[in-house]
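Paired with subunit B in one complex and with subunit C in the other, subunit A is shared by the two complexes that follow.
And now, the complex of A and B:
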């Protein structure tokens, strides 16, 4: 009996001794929703975080009626330092609350920063237990701080805008994890979405506008070397077999207008071939589209017309891919289309030799296309001609 | 400690000896006067016992003894006193012929000892003592006020019989007998309680109930020696396997159909006089999640409801703890949008989440308890105050957050989905230690708490049957009525508790089918 009482007391003491060392009440937390990384002129790292500002339940009634800017309950805070961790310490001094990084799902890096290399600083995000590997990475055209300082009217915060933009998958969607993989990949190149501020409407406050993704940044060994526009980005997505959404408008020969098609399904297979010193790559694409607009007087029920349309579609895609390849292969000399991994997979032994000067070799890869386009749904109804 | 125990044993023995030595065990005398003197002495100062002396046919002395309010006086007048007193034809009266010819009473029992007299009197039967007879007669004319059969309030069903057990043991046994007509339904009677002498009926079906189970039950009952048994809880506490466990190891029911279904599964039912609750043993953890209705509704619906109960049982046990653990230790687990709303609502709350949760949960339990005991006239007051306390007013006062109110409300409702009140109570109780663990160790604490509960549950046994049967030990065959409720034509075998058992309960292959049409 005495023993069981003693055990009871010991158990209770154990519970008290820990002192709840990991406990963090939400009232003592600053929830970071977005991160912006900039470089100052002195070469220091400028870390700006977007923090959710808790309204408290008293504010709830105001939230409903007030529209526009009133909804945005975020504040910005900036810290500077020689490294990201140093900047964070500086930031910590300026904040009354403990930072919670778990919900920082958007990381914006300025172009200037990216050009000097992001690999070293990303180490912080990977090493720290709180930030998510699934957070989205963006490169900003101007200062990154300006992107997350925006006050969008549709979403609650600018980081939420960024997250939704990435998730819509119209252009690139790159998470921290993807970026790590790209940096580690055979080619050492990576491609990231670029965000820019949309021009503000007249009569609106400076910050009352949104950011949008319009280009993609190309990085080599973690350093930004250039960017490609939205059309080329879609081309890259085709190569990478990541295409989700793409509307193609073609004007078949003999037709009197344009026909637009939306992609239902697209699949790309890269087939590498090493013929002595020559490198060849066959890009095999299968795509299924449906017609979303028909300006012509074509009746697409006719097999002949349909085949012509399909041919035009395949040709259009091929054109787009060739254009992409032109820029990527010749101008940027960055293998962001994933050829390196394919070669390594098929010729692991020979690849070891190629890897050393892949940058040069990549430009010499002869690419042939094998595109199979199918228009599945032509649509029955049509505006009277 | 050991010394103390020995002393107690001795004390017990003494008590029992005294008890057994009482005079009322003696046989009746042949002299009426002597008998009366004895009975008067036994029922000294008992104003409710009536002694009525009269002469049979104006000659033989006789005495009618009964307890006021427990015997049917009209019947006594017309069927006993009138024929016996008015008839002058009898000269030499022989007791046997008298009873046979003149008494128009169905049930007559011969009495040979004072003990038997007392027993019959306390049931309510009047006893008749005659001059120069060494035996008396108990007349089955007992009639006392009893509650009529009503719908059991603790175990309501939408579909199913509406009758429930009452406080009278005879009514309860008749309810069972009406459902099981086979003479193989056995009902052994025994009396427990030194002063109350409560009747306890041990009901089982011969060939279905395991012999060893019966033996064990009889043995455990025979060990009971207390002064009184007022409710089934007395018996339950004295026969269960593990005393230091909050979980019920005996199933309690008010419903005859539940009792009958248990009997058909080879279980034993105890009916106790004075309470509408029957005890069923052995029971398992999962049997406590079954409602009588499960077998009356479509099997798919019953399976879904059963899963709903399991889910809400977990919610009732864990939801406040999960809330506390996640909001204080694992904020990264909450979807961002939800976390931001939670934080907004918690911003003004001055307490840690653990204190907030304890505050609300204790308040809720208090309200529940108050609601149970409250006189009907003030019931409305509590519901109004309760709605204020656990509601918007508490949030507006800055004591708790909106989400905490939601959590408490859902938890409160969840605990009532467990069909057995005596299982819902320990689950509600265990919520509090788990909440403390969650507040100190986070999810690790919750897991530790759950492991401790699981360990405890798997050590429990109910009359030798592992409590978590058929999950642990795993019994595939019995699973058909545990995690799911298989269709009736699939429930061919009885659940297996221990030892030999009568395996098949119905003919195989009874699934209705077009090919098996009535026309042959």
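And now, the complex of A and C:
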């Protein structure tokens, strides 16, 4: 009896040891906060990671020798290889700690890389159990490494700047998951935000400039084919029902100045229609705005003036969407506005025939707009005398 | 009867719920997606009749031989030699099936959570745990199932609710894009899961309220079906056409949860549900193997068999497959070609029931002719 009790106790002691096998202490880890992907001239993949440095003493980056910020707590490390995993191996050799990918929430891919195709390398991020589906993806105008090497003065690290930029939803916001969905979508096109460095200001260190999103990259079958500017991006956002923030400035007819409005709520519904061989799409938009600036001498409390303003607003949006469509349909021939999926959902049978030469057919879709703009509050401001 | 313990029909239903769903909740969406695409939520509905049929047949057999499990009445129906042979085949299939389940458990834990822990530790611990539960008998297993169920279900619902902000119903459209066939093809894979309901033939003789067995058995199938429909529909709402990229979409979905920045990384919750459920599932199958073997050998007690069989199963499960593609091939075969669960869950009992009816006819015929 005594012996069995003793054995019991020994066994219980073993229980206490569980969980230590796969332990990973924070001071054994290199926490990766941002990733940059470049292609070298020899065609190798250059993987740069931004690692959070817990030291807190404000370390310099490997390449940022002349930075002046001082409170940035990140370091950079680069590896090269024929594939992403191979580059990671190279990177591993240079790091004293084990890499932790679960906090890599900003992934920057250089334009040159995107032009050769990103589909194969995304596989790594999907397969690896650690990177998260909510990581944000960006395309950089120049080298991706340069974006991630910036030393922002407002945020702790450049990856954080990128995350905040994406979350503000002023322009495109694309997560790893969104990108996967777009790559698998019916049209095979995807659209990603593009980041650029703001020009260096006088008297500031090279790396102290900030990155910002100003364009959107358009990809076909995972390969970048072109880009669109911020105005057109907003148009695309309208089509995709992703518009969150936008300030629209209009100049109504008969008015002597501009009136700016901030969007409170915007909703887009795409209604496809197949009539024989003709493809039609009705874009139905409902929007609610607030007036934030009034340069004119209009008194917006007059209902008649308000209605004119609403009409001008609707017209302005329609103009913008038509411009967007012009570029997207005729020039890029890339269905980044999501028409393909709408047609497929409504006409699954007929769609199968259209799918084969959608690129050509997309350009022939006749689009009509049905925009309902409503101005909710006009504010008082400096009322015209 | 070797088993002295009794369970209620409700406990049996819950036990079966776990025995089917524990592994299914993770792997079903991905394996069905290959065939059914965005219609995966329809497939469980098409597949559920198999479950109902299994319960029905086991129930009918139990009516004829109320005190026996399948190992015993197969001998009564087919004679000692044929009955024993059939029993052996059945047991071998159950042992293989159980080993594969242990392998799946070990593989999943190692690949998703503890990559550096040796597999034999993970599988070995689970076998020891299950062995102690099985050693306690059917009552212990039944009550465990009853205890785990509310937690399992509650956490499952919590995950579903937390996923709601990310859903987009558009992703499931168009429904039945290519007609009924894709979802029916997807349901083929699910037959293997629903056919596992057949193993109730090991539990039916030990029920306290046998008249309710049918009712709770059917209810269990229904709840399993509804849970699967709910899982699949949420997965498709969240992931749409990306579903096929994940091994365990429900797990990936829980990883995807992020509410107000701090409520994220909830996969450990799913893992907790999953391990609890899988534990019950493994116990249920382990118990049937142990009890069946003891009855097949005409032993007076099944308890001495628990550990030796555990060792056999452990070795089997560690050596089951060399790598993931070999495993994938195995699952491809058992889900599309030779469906072992359909054989032991449905085909064998059906054969026995048929033989039993024919035998009855002959006996009656003989009796009449002797008069």
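Please note the rule applied: the second predicted complex is superposed on the first by the 351 of 385 C-alpha atoms of A that agree within 3 Å, B and C clash if a C-alpha of one lies under 4 Å from a C-alpha of the other, contacts with A are read in each partner's own complex, and residues count from 1 in each chain.
By our rule, contacts are C-beta pairs under 8 Å (C-beta built on N, C-alpha and C of every residue); 3 or more make two chains touch, one makes a residue touch a chain.
Because the structure is a prediction, the values reported are computed rather than measured.
*Asks:* With the two complexes superposed on chain A, say which partner A:344 touches: subunit B (first), subunit C (second), both, or neither.
*Replies:* second
*Asks:* Once chain A of both complexes is superposed, is A:26 in touch with subunit B (first), subunit C (second), both, or neither?
*Replies:* first
*Asks:* Please work out whether A:180 is in contact with subunit B alone, subunit C alone, both, or neither, and reply first, second, both or neither.
*Replies:* After superposition on chain A, A:180 lies in contact with subunit C alone.
*Asks:* When the two structures are overlaid on chain A, which partner does A:126 contact: first (subunit B), second (subunit C), both, or neither?
*Replies:* Second partner only, subunit C.
*Asks:* If you stack the two complexes on chain A, which partner ends up touching A:134: first (subunit B), second (subunit C), both, or neither?
*Replies:* Second partner only, subunit C.
*Asks:* Hey, is it subunit B or subunit C that touches more of subunit A?
*Replies:* The larger set of subunit A residues in touch belongs to B.
*Asks:* Going by the contact rule set out at the top, does A:244 touch subunit B (first), subunit C (second), both, or neither?
*Replies:* neither
*Asks:* Quick one: is A:353 in contact with subunit B, with subunit C, with both, or with neither? Answer first, second, both or neither.
*Replies:* neither
*Asks:* Between subunit B and subunit C, which residues of subunit A are contacted by each of them?
*Replies:* The answer is residues 22, 102, 132 of subunit A.
*Asks:* Along subunit A, where are the residues that touch subunit B in the complex?
*Replies:* Within the complex, subunit A touches subunit B at residues 1, 15, 18, 20, 22-27, 29, 31, 33, 52, 54-60, 100, 102-103, 105, 130, 132, 156.
*Asks:* For the complex, which residues does subunit A have touching subunit C?
*Replies:* For subunit A paired with subunit C, touching residues are 21-22, 102, 126, 129, 132-134, 177, 180-181, 184-185, 341, 344-346, 348.
*Asks:* List the residues on subunit B that touch subunit A in their complex, please.
*Replies:* For subunit B paired with subunit A, touching residues are 1, 327-329, 331-332, 336, 339-340, 342-349, 352-353, 395-396, 398, 401-402, 436-437, 439-442.
*Asks:* Please output the residues of subunit C touching subunit A within their complex, sorted ascending.
*Replies:* 111-117, 121, 170, 173-174, 177-178, 239-242, 245, 252, 255-256, 258, 265
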